[in-house]
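One chain, chain A, appears in both complexes that follow, with chain B as partner in the first and chain C in the second.
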Partner chain A sequence: MRPRCAFRPSLIWSTGLLLTGCSGPQSSLDPYGPDADTLARLFWNFTGFLTLVWVVTMFALLFALRPRPEPARDPLAHEQNAEHGMVLTVAIATALTVISIAALTVVSYGAQRVLFSDRSPSLSIEVTGHQWWWEVRYEDPRPSQTFATANEIHIPVATPVILKLAASDVIHSFWVPRLAGKLDLIPGRTNELRIQADKPGIYRGQCAEFCGWQHAHMAMLVVAHTQEDFQAWRAAQVSPAKPPADAEQKRGQEIFLKSPCVMCHQIRGTPAAGKVAPDLTHVGSRRTIAAATLPNTRGNLAAWIVDPQGIKPGVHMPLIKLDAGEIQPLAAYLEGLK
Partner chain B sequence: MSDVALHPRPNEKKEKELRDTDLAGRALTARLAATWGSDSGLLAALSTVDHKIIGRRYIITAFVFLFLGGIAAAVMRLQLSRPENTLIGPDLYNQLFTMHGTTMMFLFGVPIGEAFAVYLVPLMVGTRNIAFPRLNAFSYYVYVFGGLMIWTAFMLNIGPDTGWFAYTPLSGPEFSPGKRVDFWAQMVTFTEVAALAVAVEIVVTVLKQRAPGMTLDRIPLFVWAVFVNSIVIIFAMPAVMFASTALILDRLLGTHFFNPAEGGDPLLWQHLFWFFGHPEVYIIFLPATGFVSAIIAAFARRPVFGYLPVVLALFATGFLSFGLWVHHMFTTGLPQLGASFFTASSMMIAVPTGIQIFCWIATLWDGRPVFRTPLLFVLGFFFIFVAGGLSGVMLASVPIDTQVHDSYFVVAHFHYVLIGGNVFPLLGAVYYWFPKLTGRMMDERLGKWHFWLAFVAFNLAFFPMHISGLLGMPRRVYTYPGGLGWDTLNLISSVGAVLFFLSFVLFLYNVIASLRGGDAAGNNPWDAGTLEWATASPPHPQNFDRIPFVTHREPLWAERQTLPVVTGLAVERRELLVSSVSEAAPDLLESSPVPTIWPFVAAVATGVTFIATIFTPWAVAWGGPITALLLVAWFWPKSIKDDE
Partner chain C sequence: MRHAVLFALVLFAGCEREDREFRADPVATEADARIAMTSLSPGKGGPERSGANAKAYEENAYHISQGKKFYSWFNCKGCHANGGGGSGPALMDDRWVYGGEFANIVQTIEEGRPNGMPSFRGRIPDEQIRQIAAYVRSMGRYVPKAAAPGRSDDMSPGKDEQRRLPGRPADGGIVPPSAEMPQ
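Then we have the complex of A and B:
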């Protein structure tokens, strides 16, 4: 059973959350995997206890401010009894603080053990952060079965998946809140993050470490399938690009192959073999473009090609000079790369 | 307690010089004021070494930077008020959040605590001027030049844009070409020099210039707070000094401290930066605990309960603050055992902070609270800071941190801690000490309006950020897509932020109106117990006509008739009483420097050198010797009367 909103123990938090609910495409309190679930429970336990501490402290403060019948007195006048009581009260409060802190530390360690325990993964995926997109490479002992895609990570449900996180330029951070906590992608290092989804679905994630101009537009989707659907998807992705289906797409392919697009992008099955930008072999099968910035439609593909700097100012994709008549066929070709 | 007379050895060769035993009343005040005063005119204004004048400038300058940082924040909140807003683009937004953080941390947060210390510590410990007053003047000018440099760069649209934390490799030469980050790194250098100088002055003033009788256990809690703070500064600043220097070397000379391709390590930057950066948080917080202690004692109408535990808690906080830095790095993939250690240490710092809170509440409990504006701000501090401290306990947990790190939850947390822990006590401190600085009271009715507006607006602006962070909104994004559940929350935050900004406009109005037409304050309008209230408002250049003799932790409450004094100091030249460290027994009579332009000239040379190094490494080669020569001129031995 997921904690979800029903787990809310604390008044002050829930009043705020009532405004929005705690579900959301990117909500850490709406877990869909065992690790995110552990984290949400831990969060609510801490929140409940600490809210209680806050309320008790504020009550003590309010009581300390109660109206006094007694008149003002000499500020140095002491009452020995009152002092004794205060010494005792402060000592007890301090002792309770120490005990609470120790208890919370132990609870935190417990969750840490669960989260970072070994669970044999059946699948490992290399995820490389670039300014400002995610390269996703599926590993396999058979080289022919490896392939790359971008900004969309497909996983089978109910299976622990290891993500090997690296970065090619600056530090990024991988964060899909409904599945797991975040972990940084650091140039020169590889970090390993385990994610697992319990139900088929689409889980949005976003870069969490400031990485320059388009940090705000560096999102990705994790798509969880049933085992069979995942195998089917994988088989489709391994295959080279389909040849153009009609004359317009054929024209689009010719435009693509003679333009500078091929310097950066790869479309397996064609001479385009660039490695510094997203692999476009099956770009038409993806739900979004430009790192989950726009829905993947023919119109958005065309807009992105025509004005990348208008959509993501600072993006490394240059403006390619094309004739007005070349945009539509090119977009049609890319859209057809299912 | 009767007065104490000092008997300096008479100088045999010359005739007896005039001492404060030879004069009394107005004549004494006037003669001392002539000796310790600063002349008028621009040159004299730049030459002054009076800690009150420098301190006042420091305070006003820090507030100017607070307003600038606040304007940057308000613009950012306008941009974030709705999804996919296009009011400003990523370039300006990134510069704005970098300037906001940099200004608030380096140009406001650190200097404001030191500014109040510069003004108040000599008054509170009963001496005539701060130790090393020329260094004090120098530090102020260096600070101003650093601030001017970075804001000028921003106005020219070449402001830094990699955040106040400037993580490598993003801030390195490859990903941030141009001069933007260099301005940032050099601004850090300016701030380091200024902050270290003041820290040294405070430590020496507190240890060696306390009025006779002010034994260690009679030092006011505010003075203890800024003393511990100064020690933290002295240990923390060198780390960031090395870090920013290494970054500049990477950028200007092509060293590879942080370049992974050449054997450097980007994480090294994070360790060095946070080894400074976490104590930095306490550098901002500790002076504010001093404000709270001072205000609570005055308005609860009794001394702070638990003097010794509070002082020990200050030291514990300062010490522990150096063992927490890794909790800023829990998501970098550190070994779990190492991370666990920092969970424990981060949790542990709640204990000394808790002790202080309990002692303050106990003080109010046993006292007879008087609800004036300064106390209201302190009560606001409790409400906000305790909430921020408790969300900090959550961040200390490695697992929870992996979800909330670098999300708006953290933004909410540290604004609760920093605004709650620093700005609210600070505003209380302004209402509290304004009469001492200006001789006039601030308007009480406006003050209460100010408090309630600030308090409500603050919570409106920052509480929703906890939730937007939990709903997955990362920090430092210049925009966000709609439909993720963040839209309403961000709109509320933006409305709150604008109202919070308006509360500061109201505050500014109150300050200006009260300066012009506030009620006359008198020496001790609050009937407070510490020494700064024993002298005129504003104080004369000499601070005290005769150095007080301290018999109690709250001298003005213990000696209601007349404060006992120490006599025997020279009147016609600047002479200080130096006392022993623990007992504050009179030890030496030491002369104190007179005004001079050298600190200003040396600061100009230092500033020009620092700025020039951004453009050419050769600036070190010619700027260094010039600065060194100026320092030699500054310290050239003069034939002054031997110290006795």
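Then we have the complex of A and C:
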């Protein structure tokens, strides 16, 4: 009887589908920086070598299991030659195993040396994980040049940047797969991670350590600029918020300042100076709101103000009392904070 | 065998401890701001209106732990420290200048009190005021043990709320002379 064939075309398709996860905006196999490159190369080296080991092992297994006629032998006889052959095979297999593991260890260690090597960073950024958003604070020896933003890290290309990772409540993990490996943010200590982007672009990352209800909605964008664009962006972020441009925005600012918003949020240049929620000084210049949960549009800003708990249940942004007519000016004001 | 099944069923009952109500009904919370008639309030008792749903907050570990977070975020600590008091009165003892019921505490936070307690109405949303009040009630352990916070994130000089002795229901307290005169 012919053995039943276990092969089905659907298996190939589903494996192919899984492989599509290897590319896209958040794939560590699609590296855009030297450290991510090292990691991707390490991954492929291991995968390639271990695939080879697996194939050799499977062939050896099939060879050992091949059908053979049972020789009529005295079971108690001591067969010097066969015994010798077995010892030799086991010894060679053991030696190969030891050599392989040692070689992989050396390769892995070499990659670590590259990852942890000292490359003088020109920029250091404090990144603090909160439930469920990222606080980003640009350090500078001149206090007037420091500023905070949220959920969006801007860096210059081809420059190593040090991220000082901390957490305010529970353990989070910082992971931008196309730029670097992941590193935990632990309350009470500071971890340092170096990232570097080789090309301008937007690299998505997210929290990689379960941190509560909205862990899945705790993403961030790393935006890499050319050096000039980065300096321009930084100069714009350091400046306080622009005054409202028109009557509607002015009304929005009044609503903001008289509402509970000011207990948590800061807008530099106004009396609002809360420190427990994202800095909104230039919120209109960001691409997303609510930790990369929604694109930053006036409609989404309004929706977020009206019903934060419907969009992100459990988030610390409360439902606040606003009249229906107050929402539009408030959203217009926030959108205008470029 | 049957006993084992019954036992397992009993254990399942422990899986659902309480509900977390993240999203209060938006319409219900859209109340008009209440205007206080005077900056003075009588020492004992408060209006019953703020005491609605007291149990829903006091007996819910999620609301109390949120209140603990807001207590520190909104700088209640600045005057009341960790409950032991500073320039503001202690909150963990059994003496309540303006009443120690949930409704009294909500009213105190919403409307403020003479001699320094500011009004937070319109600054802190209603829901969060109630969560803070529930936490304040847990400081003297006027809430069920199972709902009181079990552990602080940072070093704390005293026992955690859950391990404190249950507070005796105190009704009212002594109004200091300074609070009796108009400001």
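The rule is short, and it goes like this: the second predicted complex is superposed on the first by the 299 of 338 C-alpha atoms of A that agree within 3 Å, B and C clash if a C-alpha of one lies under 4 Å from a C-alpha of the other, contacts with A are read in each partner's own complex, and residues count from 1 in each chain.
Methods note: a residue touches a chain if its C-beta (ideal position, glycine included) is under 8 Å from a C-beta of that chain, and two chains touch if they have at least 3 such contacts.
Note that the coordinates shown come from a computational prediction; the quantities given were computed from them, not determined experimentally.
After alignment on the shared chain A, the placement of chain B and chain C results in a clash. In the superposition on chain A, A:E209 makes contact with chain B only, while chain C stays out of contact range. Contacts of A:P187 after superposition on the shared chain: both chain B and chain C are touched.
In the superposition on chain A, contact of A:C264 is made with chain C only, not with chain B. Of the two partner chains placed by superposition, chain B and chain C are both touched by A:D169. If you count the residues of chain A touched by chain B and by chain C, you find the higher number for B. Applying the stated contact rule after C-alpha superposition, one finds that A:G314 touches each of chain B and chain C. Within the superposed three-chain model, A:V276 lies in touch with chain C and out of touch with chain B [touch as defined at top].
Contact with chain B, but none with chain C, is seen for A:F43 once the two complexes are overlaid on the shared chain. Mapped onto the common chain A, chain B and chain C collide along 148-156, the only clashing stretch among 148-156, 238-246, 418-426 or 580-588. In the superposition on chain A, the residues of chain A contacted by chain B and by chain C overlap at 169, 187, 313-314.
Chain contact summary for the complex, chain C toward chain A: residues 20, 22-24, 26, 29-31, 33, 69, 73-74, 122-128, 153. Within the complex formed with chain B, the chain A residues making contact are 13, 16-17, 19-29, 36, 38-39, 42-43, 46-47, 50-51, 53-54, 57-58, 60-61, 63-65, 68, 70, 72-76, 79, 82-83, 86-87, 89-90, 93-94, 97-98, 101, 104-105, 108-109, 111-112, 115-116, 131, 169-171, 173, 175, 177, 180-184, 186-189, 191-192, 204, 206-216, 219, 313-314. Residues 169, 187, 258-260, 262-264, 276, 306-307, 309-310, 313-314, 316, 318-321 of chain A are the ones touching chain C in the complex.
On the side of chain B, the complex with chain A involves touching residues 89-91, 94, 162-163, 167, 169-170, 175, 260-261, 265-267, 301-303, 305-306, 309, 331-333, 336, 339-340, 343-344, 347-348, 350-351, 354-355, 357-359, 361-362, 364-369, 379, 382-383, 386-387, 390-391, 393-394, 396-407, 463-464, 466-467, 470-481, 483-486, 488-489, 529, 552, 554, 557-558.
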